[in-house]
Amino acid sequence: MDVITDPDVDAVWICSPSQYHADQIKACAANGKHVFCEKPIATDLAETVEAINACNEAGVKLMIGLQRRFDPNFLRVRNAIETKEVGDTIVIKTCSRDPSPPPYEYVKGGGGIFNDMAVHDLDMTRFLAGEDPIEILAVGSCHIDKSIEDLPGSEAFDTATCIVKYPNGVSAMVDVCRQSSYGYDQRAEVLGTKGMIATDNVYPNTAKIYRNDFTGNADMPFDFFLSRYFEAYVTETEAFCKSLVEDSEVPCTGIDGLVALVMSLAADKSAAENRWVKFSEVIENVYCSSPTECSLLVDSDVFPDGFKPTKSLSELQNIVVPDVDEQKKSGSFTTKFKEMLGI
Amino acid sequence: MDVITDPDVDAVWICSPSQYHADQIKACAANGKHVFCEKPIATDLAETVEAINACNEAGVKLMIGLQRRFDPNFLRVRNAIETKEVGDTIVIKTCSRDPSPPPYEYVKGGGGIFNDMAVHDLDMTRFLAGEDPIEILAVGSCHIDKSIEDLPGSEAFDTATCIVKYPNGVSAMVDVCRQSSYGYDQRAEVLGTKGMIATDNVYPNTAKIYRNDFTGNADMPFDFFLSRYFEAYVTETEAFCKSLVEDSEVPCTGIDGLVALVMSLAADKSAAENRWVKFSEVIENVYCSSPTECSLLVDSDVFPDGFKPTKSLSELQNIVVPDVDEQKKSGSFTTKFKEMLGI
Amino acid sequence: MDVITDPDVDAVWICSPSQYHADQIKACAANGKHVFCEKPIATDLAETVEAINACNEAGVKLMIGLQRRFDPNFLRVRNAIETKEVGDTIVIKTCSRDPSPPPYEYVKGGGGIFNDMAVHDLDMTRFLAGEDPIEILAVGSCHIDKSIEDLPGSEAFDTATCIVKYPNGVSAMVDVCRQSSYGYDQRAEVLGTKGMIATDNVYPNTAKIYRNDFTGNADMPFDFFLSRYFEAYVTETEAFCKSLVEDSEVPCTGIDGLVALVMSLAADKSAAENRWVKFSEVIENVYCSSPTECSLLVDSDVFPDGFKPTKSLSELQNIVVPDVDEQKKSGSFTTKFKEMLGI
Amino acid sequence: MDVITDPDVDAVWICSPSQYHADQIKACAANGKHVFCEKPIATDLAETVEAINACNEAGVKLMIGLQRRFDPNFLRVRNAIETKEVGDTIVIKTCSRDPSPPPYEYVKGGGGIFNDMAVHDLDMTRFLAGEDPIEILAVGSCHIDKSIEDLPGSEAFDTATCIVKYPNGVSAMVDVCRQSSYGYDQRAEVLGTKGMIATDNVYPNTAKIYRNDFTGNADMPFDFFLSRYFEAYVTETEAFCKSLVEDSEVPCTGIDGLVALVMSLAADKSAAENRWVKFSEVIENVYCSSPTECSLLVDSDVFPDGFKPTKSLSELQNIVVPDVDEQKKSGSFTTKFKEMLGI
């Protein structure tokens, strides 16, 4: 907390355990500090909206650490899509495998495979699609450590597959697994109307070895995420600093963090109910009576008088205060919020 | 027909348009000829069962040409799974892309993308899983030739993605597209508890070229399926001949062709109804009053007295006569069929 | 011999041990049979010229089995050079490694590493260069089976490296080794003024495996030359048959076999004397008093009156009778030979 | 010079044009500064020895920037050799191609292709062999910019190939070219008694693109040496700093720089005289009357009384003062030098 209140500090990096993120973001906002926060903002939707709004109301920048967006390989795929190098996107495929499953204690209460792992891939499909998604179908299963099968919901899964529907008939296919005996494996493949772009897994060097029992890579893929994403972490840090110095938009916003959470919650629900889940189903549970007072209306039929919760990702702007960069262009949130509530 | 009735002919290869397959198979059976038939046996389930039964009753061998099973690359993946080279299977992924979409006239009335294209991939997932599948979720979309969007059902799709659930939590992910601007692209990837095995696309040679505008393969992938699967066609032909000469089991049976059809029909239904479809939903529509008199009971509540249609893939044996190789081991079909009908 | 004299036989394939090749070729020629002969024609230069001349005088076709020229990978490199796909050739590199060294008995008296192994690579550099070579520098060494170190000359080597100079400053680099613990490895790389083309080693399939101890090719490269060059053997056989049926030029002539032998003999000499050896040094030892009476003049200063032996590869035509295809265009050999001898 | 005399400065990085290196090193030594100097130390052998001796007498560390030794790919090959991962070394192959030739003005007076370009590869073969080389055979040619053909000696070459003999029959093959239309291309391949290790060229990312006209790498190789060797430059800088902080041996010594120069001079001579050149032929021209008074005795038969110039790489210690790290172990240079001269 000393850092957060120190007048010489301009910006704070929050890399604490997830459950402290929201409060620490709010504290930073209250002290006028810009914030870089590792994903997730919070594990609860309402709390996430509140933390974002705290920053936006305070006029401080908030950047979320979805570092995979800064990996040079994924970035190259994104660039190909933006420049239509392979035409219009048809299918997006990502796969993501961790070297080995976390301990039982981490999985228990960790929020499940969609929230603590697949969220990166779901976000990546949105990053690559360049559009907001519509609905999701998810499947989970347990193959490695059968002891977690007793855990509730998606905490019982170490493997998951998803299909996400995007506008214009674009489908994204995601598969994740908590164990890859050969080290980290994160790849993306995009088929477009004019071709395909695909990344390969990353190795420490280009050397290959040929011996009497095998021929292949001289070294194994990385087995630690800090090594695998070293370049991405450097790049995202530079990007945040650049945003501060130039007072330009952060490249990964609070809304990006919020939508990533919405996607993982919807995946969770889909796997539990074995059916397509629209993202609006998740969002319409969030009700904000003010920028910093939000709550969830899950399973509730009692809506406050004269209030309609948000129904789609594009309506998120109704419950989230414009951030510091948007504010420069548009009017104040309070006016807008009042308009929304009709008061 | 001269071939089929020629007393000097032992076996017949049927490579005619799909709509003639069933009748030609029956004619071969009636004349005691062994049959190799390109997939599909028929585009109708009941007709498919009848054609299979015709062969099985006549005691002639029937092999279905699902040639991809004989490609050395896919075969290598299957072998890895059988020998548990990558442990127990967790996820199976296949992708399949044709160089360019067929003409409008071919697509119209062709049965849709699942029946005329994805069927190979659906069969491949079953071949690799080594188990019968449980249910399927499919999505279709149109990206290339918008003129087909007016066609009914899955004929309007040029792209499809599926998830197939197999026993023990194994998922298979399939994506197909009628256009791949870079030539044929058929690959498989299997993640197991001890590793991954994956095939790459096939090129005419290993040469790579490095020039000022690109560095990559000297030649494009194949753009004609007979070139792409040349080796597979040779191998499957040899395999059928070997079965005849040694009087051993054919490696790709009528049941394999039947299940492939069931899978593509279920995919069709899933895409149309936007939900998981169990394969039993498709199968329970087939009602056989005798080995060679089968019909579909789709949308019918009127079941014949004392008869219960088949409910799962494993019960297919109730409506299909044991083939010539099974008959050597077990009793006759007639006895069995009577038992099933309780008469 | 029954085959060679059988009037129903048009052409003979000679695949016997090398020492019988020359006599069998002559017998074929005497009986008017076309000949396909595995390399080498003979291990002696004079005998090689005689065998070629026997065929050419008899007007039968002679094709030499330098099968590597028909491998689709090497062929692709040659095509790139012919069409200037990578511009004008600057450097040619080939490497060639056998799975394991032959037994001591094979090496002893086998003619040494340049004649029984590197000859394929030396021929390949000429095939790729599309020109006749000028001089060679070769180095040999022994690393695997030290027992052969006692053998004379290049029989003591299991490893060799060469540089061959071609016209226009083109250099070819060759390295060969009798042992490659990872199976056959034969590759070529050509740098041109506009880029590079390079082949990779060949594997039975495209599958790759990723496990906790390695990630790489699912299967090893081929360990038997008949598997490695299966396609090449089929192609060269088809090519010979096509030459016979169409009465067209054979794609790998007696001269090609003769020059390959000249190259390996020069390499041998270079390694022994540790200096550049011009190919003319080897050729000028061959003296033919008639098409079928040739001898070697090594270390001899006594030249027959009025006769000058051949000095360069381009003058080989002075001692070799025009073959059956050339004869169609030009005059008879006898006239020509007399002209050369000035009688 | 202000930096060199600044009492607050401990170490100096010399990255100036090559002709200033030697004097600047001496100035650093005179001021007690440790030195990191980009290769070469000097383009003249005698001057190189003097500069090294200046540092060694002054007791300051001298590290030479042969940055390729710190590239993770080449380093991996070296490690494989040190740990005998592919057994005992049989053949070493390196290739090195620059994106485009330097301007005529750079080439003229630049010392030729062996000194300004191949020196990196020659050093790399020594780095990989882990031994001092014996003799070299080099060939040069001109293919790209014919205007340089008028320049003297190896300045007229834009392409060169070399074979370097190392102890135990190990051969190294090097090919370099001043133009690679596809960007930087630097690779190494080592065949050992138990297998092969080989590096591939380096790309900015792992993405591959598949379109109707090509399938290959999404981006070109690097076209600027600072990008290609970015990681190597960082690593070598860290290594020098570590040596200073820990007072440990520098990983790339003055002797390494000196031998690299000897190798390139010998290559130059070999290409000019079209024959094998022993490295001792170059070294025996260096005569030092004191550590800082050396001269070349090329083409001179007049040796000073009682003095025999150095004959082999292993005798370099006779003309080079032990460096600061060696001195800790052994006696002083002056004693040693006097012993050598017999005074």
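Think of it as A, B, C and D in the order they're written, each chain with its own count starting at 1.
Keep in mind that, in the parts below, contacts are C-beta pairs under 8 Å (C-beta built on N, C-alpha and C of every residue); 3 or more make two chains touch, one makes a residue touch a chain.
The model shown is predicted, which means the values in this text are computed figures rather than measured ones.
Peer 1: Could you tell me which pair, B-D or B-C, is linked by more C-beta pairs in contact?
Peer 2: Output for the comparison: B-C.
Peer 1: Match interface C-D to one of A-B, A-C or A-D, accepting only the pair for which over half of the contact pairs are the same residue numbers.
Peer 2: Most of the contact pairs in C-D are shared with A-B.
Peer 1: Could you tell me the distance, in whole angstrom, between the mean C-alpha positions of chain B and chain D?
Peer 2: Once rounded, the distance between the two centres reads 62 Å.
Peer 1: Roughly how far is chain B from chain C, centre to centre by C-alpha average, rounded to an integer in Å?
Peer 2: About 49 Å, centre to centre.
Peer 1: For chain D, write out the residues touching at least two other chains, lowest number first.
Peer 2: In chain D, residues 180-182, 185, 194-196, 208, 210-212 touch at least two other chains, as defined above.
Peer 1: What residues of chain C sit close enough to touch chain A in their complex?
Peer 2: Contact set of chain C toward chain A: 180-182, 185, 208, 210-212, 214-217, 220-221.
Peer 1: Would you mind writing out the residues of chain A in touch with chain B in their complex?
Peer 2: 87-88, 90-91, 93, 95, 97, 137, 139, 141-144, 159, 161, 163, 165, 169-171, 173, 175, 177, 179-182, 185, 191, 193-196, 274-276
Peer 1: Quick one: in the complex, what on chain A touches chain D?
Peer 2: Those residues of chain A that touch chain D are 72-73, 75-77, 80, 85-86, 194-202, 204-212, 218-219.
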